[in-house]
Amino acid sequence: MAEAYSRGLKQIAKIDPESGAAFVEDLKKISPDFAEFFVGFAFGKIHSRTVLDPKCKELIAVANLVAISDGKEHLRLRIEAAFRAGCTKDEVIEVIIQSVVHIGFTKALIALHLVKEVSEENLIARRDSDTGLAIA
Amino acid sequence: MAEAYSRGLKQIAKIDPESGAAFVEDLKKISPDFAEFFVGFAFGKIHSRTVLDPKCKELIAVANLVAISDGKEHLRLRIEAAFRAGCTKDEVIEVIIQSVVHIGFTKALIALHLVKEVSEENLIARRDSDTGLAIA
Amino acid sequence: MAEAYSRGLKQIAKIDPESGAAFVEDLKKISPDFAEFFVGFAFGKIHSRTVLDPKCKELIAVANLVAISDGKEHLRLRIEAAFRAGCTKDEVIEVIIQSVVHIGFTKALIALHLVKEVSEENLIARRDSDTGLAIA
Amino acid sequence: MAEAYSRGLKQIAKIDPESGAAFVEDLKKISPDFAEFFVGFAFGKIHSRTVLDPKCKELIAVANLVAISDGKEHLRLRIEAAFRAGCTKDEVIEVIIQSVVHIGFTKALIALHLVKEVSEENLIARRDSDTGLAIA
Amino acid sequence: MAEAYSRGLKQIAKIDPESGAAFVEDLKKISPDFAEFFVGFAFGKIHSRTVLDPKCKELIAVANLVAISDGKEHLRLRIEAAFRAGCTKDEVIEVIIQSVVHIGFTKALIALHLVKEVSEENLIARRDSDTGLAIA
Amino acid sequence: MAEAYSRGLKQIAKIDPESGAAFVEDLKKISPDFAEFFVGFAFGKIHSRTVLDPKCKELIAVANLVAISDGKEHLRLRIEAAFRAGCTKDEVIEVIIQSVVHIGFTKALIALHLVKEVSEENLIARRDSDTGLAIA
């Protein structure tokens, strides 16, 4: 599983370049086995698959997490990851709008406010660094 | 809402050409108001939106319904709808595989067996009619 | 808990006069302790309370069970119980319509079809016995 | 949908007179379409219905949200709305007590503590303004 | 992952000696990748772990599945697996009784009836074959 | 139910010696009836049962609460209770690892971080008091 593990680390770095590596280091201290499954399986085996294009893959994750709405931190992270994969703010919001039919407004509103938080943080970051991240 | 309602009827016919119209007629007998909301809002206002391409929109619906896993009939219908929108069997299964990370194997297995059922029914239908529906 | 138990049996008979007693007898064979908790606590202590009027109490139960949507049989039983408590079909359906905002259309549709099934069974029963059960 | 939208705004003002309007303005900045659906459909079409009396309608919402227990903020808002609609503290708590049978003590406890928080805030407000809000 | 896969096959045979192998063969026809993850990861990496004793491990699985209550077939299979691991009927029912506090009576009742079904099937099997399976 | 109530108080003191009694006092102020059901039924009738050994009973509670993942405070309390009942950190983490198959990584990660928080608090407490609580 060594190969899957290093592939997983790369995927995590892609999704969360700022704090992904530190998150894994932290996880290893709590449970090295859980960390191995998380990195090697969830990211090395599953998230690294290329059947769906990267943007769609991230929107799928948002559609899953909006529905279970468990842990705002994870949903927020995947909303950020969707932006990093090149999804526009309108596309991420559209996943939430489509979800209303299946999960109702309550869970959808929680997700929508996370999109707002992520966008505002990025706007602030953009003003600071003028890097022009692709979030409308 | 008359315009939204007729737009909704068209969306339903696209998703479920065989029994969508009968489903709506049945719904109207149970509750005309609910039928109006279902057709006019869920399909006329939400599903008819064109921000995401039709294939991605159906995969999003599968990703939502796999996660809530409530009512196999609805999930099955949306798996069929994904096929009708041009998604391949591999793409629909990929949504389920990606979902494993967020919802576990239990819900994913239920969805996977629905893909099998839908595919087999389509294979039988194909043999009968030789219409060549685009399911690999 | 003897008093609570006999009070619970009466509540169950009110909710499900046809098969409630047999259900409890069946439960006692599987687990006498579970049966005691179910009858003595769930019905003898909780359902027998009179803070809310009986109709509202049944609508609350429907609103809970629509949201968890777990076990169509329980939801169906409580829809029947709502009718027995004097709720109209429109009121039961209204609970489902109000729920759409919080739980989406998917779970709501499952509940709505149960209302239809219960109503049709009652219509058939009515034609047979001409008893005129109060379901519009 | 203009009529439904203005009807929805009025419903929201009834439920949350202090911050409802600002919430909608905020929502419009995140997604004008979502805001339109939330105001025009969820409140203009659904919550504005008059089949159930206003108190029962709010208790139904609490019964839904206790069961999904997603987003304490929404549940808290609807507990406040129930008080505003004239429900007593005992009635709101009774919905939570009845829910224990269907959803267990864990989710019920979360809701119960929200009732406490809302009541205490109102008590403080009452002492400040001597307005005598109808919360026992 | 070849080693994990064959270890997973053995775990599945232990849990479901009658139809586990056929289940995997069926799964491989639907999606070879999913089958590999299910056998190699879920059983080869996770279920094969020996930190908890086999009986406790099965009771944990029942406690998980009672709570999500998704797919009676999976819950039933794990109840059977608990019996096969040497758990008594009283122990399996006790997991369900303890769960009532966290998940309520509705989901618990569904699980309890599955215990009854599994026990009755085993009783019938026992009468037929006089094998004396260890279910009280 | 007086006997069950005092038995329940003892169970709560065992699970949460520091703040259990204050929690109950607080609960009584919000709703004396709810407090009676919580103490007398959930703890006096259910948690006081001795069919499963105390360690297994606590792991079952963790397996339930990981799956519903509702209210981090309750899950954290039961993780602490598992430690108090003599479960090792590895055993508690193992419940979470086994759960990944049924509930996915998202809910499991939330639980895992709670184990970390509880362990760190205990480590700090240990350094302060040198009491040597049995958490590895």
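For reference, chains read A, B, C, D, E and F in written order, and residue numbers begin at 1 within each chain.
Please note the rule applied: contacts are C-beta pairs under 8 Å (C-beta built on N, C-alpha and C of every residue); 3 or more make two chains touch, one makes a residue touch a chain.
Because the structure is predicted, anything quoted here is derived from the model rather than measured.
In summary, the chains found to touch both chain A and chain E are B, C, D, F. Of all chains, the one whose Cα centroid sits at the greatest distance from that of chain A is C.
We define each chain's centre as the mean of its Cα atoms; on that basis chain C and chain F are separated by 33 Å.
One simple way to say how far apart two chains are is to compare their mean CA positions; for chain A and chain B this gives 25 Å. Contact of a single residue of chain F with at least two other chains is seen at positions 33, 37, 42, 46, 49, 65, 68, 97, 100-103, 105-106.
On the side of chain E, the complex with chain D involves touching residues 100-106. Of all residues in chain A, those touching chain F in their complex are 26-27, 29-31, 33-34, 37-38, 42, 65, 68, 70-71, 74. Across the interface of their complex, chain F is touched by residues 1, 4, 33, 37, 41, 45-46, 49 of chain C.
Interface residues of chain D facing chain F in the complex, by the touch rule stated above, are 69, 93, 96-97, 100, 105-110, 112-113, 115-116. Within the complex formed with chain A, the chain B residues making contact are 42, 46-47, 49, 51-52, 56-57, 59-61, 63-68, 90-91, 94-95, 97-103.
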